[in-house]
Amino acid sequence: MLEINNLSKIFGSLKAVDGVSLKLGRGEIRGLIGPNGSGKSTTMNLISGSLQPSAGDVSLDGVRVEGFPSHRIARLGLVRTFQLTRVYTSGTLLEAVALGVRAAQGSAWNPKRWIPTGENAKINIAAFEALERMGLASRANEPAGNLPGGLRRVLSIATALATRPRILLLDEPLAGLHATEKAEVSTRVEQLRADGISILLVEHDMKSVMRLCDRITVLNFGRVIAEGTPEEIGRHPEVIKAYLGRKRNSDA
Amino acid sequence: MNMLTRLLIAGALAGALGTSAAAEDTIKVGVVQPQAGECAQWGVPITRGVQIWAEEFNANGGIADATGKKHKIEVTGYDNNCYTAGDELNAFRRAILDDKVSFILQTFTPASRQAVAEITTENKVLTTSYGAGYLGPKYPFLIGSVTGSPASYMFLVSHLLESRPEIKRVAIVTADHSFGQAALAYYKAGLAPYLDRAEIVYSQPYDPASTSDMLGLATPVMASNPDLIVELGFTPGQQALFVEAMEQLGYKGLYGSEGWTMGLVTERVPAAEVAGRIFSAYVVDASEPNFSPRVSAFYKTYVEKFGEKEWSALASVAYAAMTTIEAGIQKSSDPTGAGVRDALFASDTVDQPLFGPSRWGGSEIFGANNWLMTPLPVYVTDDKGGVKVTAVVDVAAWWNAHKDAALPALSEGGQVSAK
Amino acid sequence: MSAFRRDLMTVCALGAALVVGGFVGSNYMLGVLVLFGMTSILVLSYRTITTMGGWSFAHIAIMGIGGYSVAILSKPPFGLPVLVATVAGGLFAALFAALLSYPVLRTRQYYFFLSTFAAGEALRQCFIQFREITGGTSGIAFIERPEILPNPSSTLEFLCLVAAVLVLLGIFYASLDASDAGLKIKAVGEDEALSSSIGIDAWALRALAFILGSFGAGIAGGLFATYNGIVSPSDINAMLMFKVVAACVIGGTTRFSGPILGLLFLTLIEEIFRVVPEFVPMIWGVFVIIAILFGQWARGRLMVWRAKNA
Amino acid sequence: MQILLNCLSLTSFYLCFALGLALVFGVMRIINFAHGEFFMIGAYATYLCISTLSPQVGGPVAWAIGAIVAAAVTGLLGLVLHRTMVVPLGDKPLAIFISTLALSYVIQTIVVQIFGPVGLSIAPPMRGVVNFGGAILPASRLVVIGVAVVLAAGLWVFLMRSEAGRRIRAVAQNPRGALLQGIRTEKVGRLTLILGSSIAGICGAAMGPISQISPYMGAGTLWKAFIIIIVGGIGNIWGAVAAAAIFGVLDTLMSQFGAGRFLALTSAAVMLFVLSVKPSGLFGEKE
């Protein structure tokens, strides 16, 4: 269970994120939307540890984690993907995802980890499962280098999944996908909820957001201007104003 | 960066190694000096000096040993990557093990000599230098064939103190590398006997890498207002810059060093202004005509072959060092390292072709008399930018008279290895 | 596992080639092989550091620590046997790398080379300035050969020792490369942000690679010291550093065979042009430039080929 | 007073070393390891001009021609470097670093073949000494200070005022952002590299008469320039100017008061300290 209380981040004089609070329950899919520059990605970076917050706190199952480096937060079960997709391209898809499985295990300093042990098989099975859940199993042994854009994004989700996270932060997972791929990825993301993984979803594709999310938080100029179920958000005057600029006289 | 480049490499591997076949009775001489890189400005003139020495003999059929048999001399230069001790040893291995040389001329610095002490003694290769630096009873094949550095600094500064009673304050400006350290110790040893009437007012070594600011270096030296400045470690160009900076700061005293490239100095400071004030003493300076006709003939051949701009006093120093070996070869019936060594050490004096009779010495400093103390000519600048001999120091006599005062200064400077 | 086995093969083949070459070759060839063996240890340990994406320019200075440790520890008042001192030298080098990793590993890319370049120079200055311990610019001489050698002064036996140490260290680095830690180090080298986002402690793994690589450099430094019998600040020279970097650049660092072939190529040029040593740096430089530009062009070509028939 | 003048002249030397590199490094985030060699080529170009022309036209004019020739030659080299290395290896700073390192050895060997290994020295075109209340400042050093000040000020005006300058600063702050604004970063990169290289050439020409020029003088200057850039701070040309001043004063005082031989050690120690405290340097902003 993820809990954020009036998180804020100031760059010089700009309050990029200003007192954002949010609670994410087990297995819940929470949308985080807002016009460009509303602080969505900054909030993601603050939660995942890529950026140090200026104020406010982040707690994971009651444990305060704000200010932790991102790898410690990841080990506590909160993993994120990037807006500009980042994927390991030197090896095959399986090897890329296997790194996700290995990532959380053991400390680098213990010499036992310096010897190639036999548990590669166990790791590869876990990696294969992660690929299967994202529908990439058929391409497991292909070089990850020449995956088309959309599939690279799916692979990055699979890599994050391989670390068996409790909370997954997805940064525009559907961007750059065409209709059929979008539908397929949305259903797979929905299935994740069944395994008890809670998801914070930043996405511009309103149709998918409305369909996928249990609740939605709307940001504008770094502040939360609305929170509620997709239906409430759809009709919320503030949200429409934020998106369409000023409210056009009386209609709508 | 991948398979394609590796194929390229595999192709080039086919280049076979060529090793030269060694002719039978030629005398093979190795010169281990930097042939490339920053220090080539010292190494290349030294190698050329030895090559001209060899050509003089080869021109009339080679050098005759005691039995009258003539041997061609073959000189090969080996690079020691700017006096790096490890590379010095590798160059020696290459020269001794592969090319089977019987004589080697190397630098005098203690580090380089210690690195090759064992291999030269094992293979009986007579290794000489234009100075002593490091010798030892366990290493009979390490010898010093002329007074040379670093001892020449001691004899130069002591000669100046004796011949110029008005000198009261002396500044020693040396670089912080192994040459500089040895020079600092020998300068102090040369001054030790005269400390009752003269004092050392400046002796801070400088960082050789940061000589871009010569004025920053000269200002503290001028602040100690010395009568005599003795230097070691500047390249020829830096020497000229140092003199220019000191003159600009109003210095009127004397300068002393192992050698000055007067061409560069007079470009910056009018010759008349420094006439009679710049002294040098380093084995022999061939550009000065009347010390020894044979050496000035060598100077003409060098300038003819390589041009006046490429001249460096070190070439004549190397030439002089080889003349001691020449004396040994001519007196021995078997021109190998061991044979020549026995001939040279048959008696405790050697009739040196350039300097005349000189005694072996150095036991107090190195524990073995493997260093030929040849008399040391001292030069001073004349008003036309040239140099002329002002005195010839009887090195052995001075050493016997003053060694008790000089030895403590040398051991304090870490230059004494006699047990 | 195949990559791990290929690396092991390369290392054992190199060790065997050194020993066989030693028995067959001429005296001088022995010297070249010993130097090649020791420099290979240096290049392999350097490759381990490059896998984490950092091209350190302090490698040769850190090697100096190994050399000086052997020089100091094998003489009174310590009097350790030379081989023990060599291992201690490796540990000291690793310790220094650990200390250095704090300021240096915080930097990225271009700053990493600059700061390691300057740290190496600072270390070389320490060897010069602390005269009482390191003997200043004339260094420390008369270092013994390892006692366990039946007759220490024989170069052939020393060559066998170098080959043995090379194979041992090679196996260690190969296993590290294929191990869990090794894969993570390469992951950090490929994309640090992604690695830390999925839970890999990037800083710790970069430090691990830097320290373990420096351990190898320390061992190589110790071997150089006992072989040359002397260690001095001038041994730490830019030409050797450039040779190590060039070997990794020309040969490529994906597998062990890359740097070794690169080093062989450079040594061959050095030997062929022995008569005109002043041209060697230029020829090395030209081949490094060709390798980088050609590699870049080839990689572009490879990308296109892969995309065409993906 | 003399110490003050020495500090001033040493600061201007260090500025000469570091200015060109700071510009290129600041804007394009690449390190041109051959920068020292451009400095050296500038010095040799001036040497050629002075030794051939000074009999006809006299020292100062020959030196001026030498400086212009130096700027042109090194500028051209900068262009060639940009075309052959920077463009194909644009986004890989490591590859550029190592290939320029290799290039520096190639240039050194070529210059040795032409001019010989023995260092040469340029007869100082401007003789004489200027007196400031007892302390002296040799004319040729005044030239260096003048050149350093003119270059720094000129660069400042060029960057702040001119159109091309603004484009360079834009690329420096945010290469991608600049690209989006339609700035042709490659053209700006080429201009920067030509500018940086010719600055190195001019500084080589200015420093030629007061130091011994040799094919290997580049390496020493480069090391100092690296230190100044690291301490000065990332991408910040004025940081480099300030760092040059800091080291100018520090090194002069140290050699004045007898710690001359520790110069290299302290410079490296200062650099390592700054790096561990503030990785982006004293005046640089976080990357």
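For reference, chains read A, B, C and D in written order, and residue numbers begin at 1 within each chain.
Quick note on the criterion: contacts are C-beta pairs under 8 Å (C-beta built on N, C-alpha and C of every residue); 3 or more make two chains touch, one makes a residue touch a chain.
Computed from a predicted structure; not experimentally measured.
Colleague: Starting from the defined contact criterion, work out which chains touch chain A and chain D both, please.
Modeller: Chains touching both chain A and chain D: C.
Colleague: Indicate, using Cα centroids, the chain positioned nearest the centre of all protein chains shown.
Modeller: Most central by this criterion: C.
Colleague: Which whole number of Å gives the spacing of the CA centres of chain A and chain B?
Modeller: Chain A and chain B have C-alpha centres separated by 73 Å.
Colleague: Quick one: report the Å distance separating chain C from chain D, using the average Cα coordinate of each chain.
Modeller: 32
Colleague: Centre to centre, by mean C-alpha position, how many angstrom separate chain B and chain C?
Modeller: 36
Colleague: How far is the middle of chain A from the middle of chain C, if each middle is the mean of its Cα atoms, in Å?
Modeller: 42
Colleague: Which chain C residues touch at least two other chains?
Modeller: Chain C, residues with two or more chain partners: 249, 278, 281, 292, 296.
Colleague: Quick one: which residues in chain D touch 2 or more of the other chains?
Modeller: Where chain D meets two or more other chains at a single residue, that happens at 112, 117, 223, 261-262, 264.
Colleague: Specify, in ascending order, the residues of chain B that touch 2 or more different other chains.
Modeller: 36-37, 40, 176, in rising order.
Colleague: Could you tell me which shape the graph of touching chains takes: line, ring, star, complete or other?
Modeller: Per interface graph, the chains form some other shape.
Colleague: If you go through all the chains, which pairs of them touch?
Modeller: Between chains, contact exists in these pairs: A-C, B-C, B-D, C-D.
Colleague: How about chain C: which of its residues touch chain B in the complex?
Modeller: For chain C paired with chain B, touching residues are 26-28, 31, 35, 128, 136-139, 141-142, 153, 224, 228-232, 234-235, 237, 239, 249-252, 254, 257-258, 261-262, 264-265, 268, 271-272, 274, 277-278, 280-281, 291-292, 294-296, 298-299, 302.
Colleague: Chain D touches which residues of chain C in the complex?
Modeller: The touching residues are 55, 102-104, 106-111, 113-115, 117-119, 121-122, 125-126, 129, 238, 242, 245-246, 249, 278-279, 281-282, 284-286, 288-289, 292-293, 296-297.
Colleague: Sort out for me which residues of chain C touch chain A in the complex.
Modeller: Counting only chain C, the residues touching chain A are 1, 4, 175-176, 178-184, 186-187, 190-191, 193-202, 204-205, 208, 303, 306-307, 310.
Colleague: Residues of chain B touching chain C in their complex?
Modeller: That would be residues 1-2, 4-6, 9-10, 12-13, 15, 17, 19, 35-37, 40, 79, 81-86, 89-90, 93-94, 97-98, 109-111, 114-115, 118, 122, 176-178, 180-181, 414 of chain B.
Colleague: Quick one: in the complex, what on chain A touches chain C?
Modeller: Listed in rising order, the residues of chain A that touch chain C are 48, 50, 69-72, 74-75, 79-80, 82, 86-90, 98-100, 102-109, 113-117, 120, 142-143, 145-146, 159-160, 162-163.
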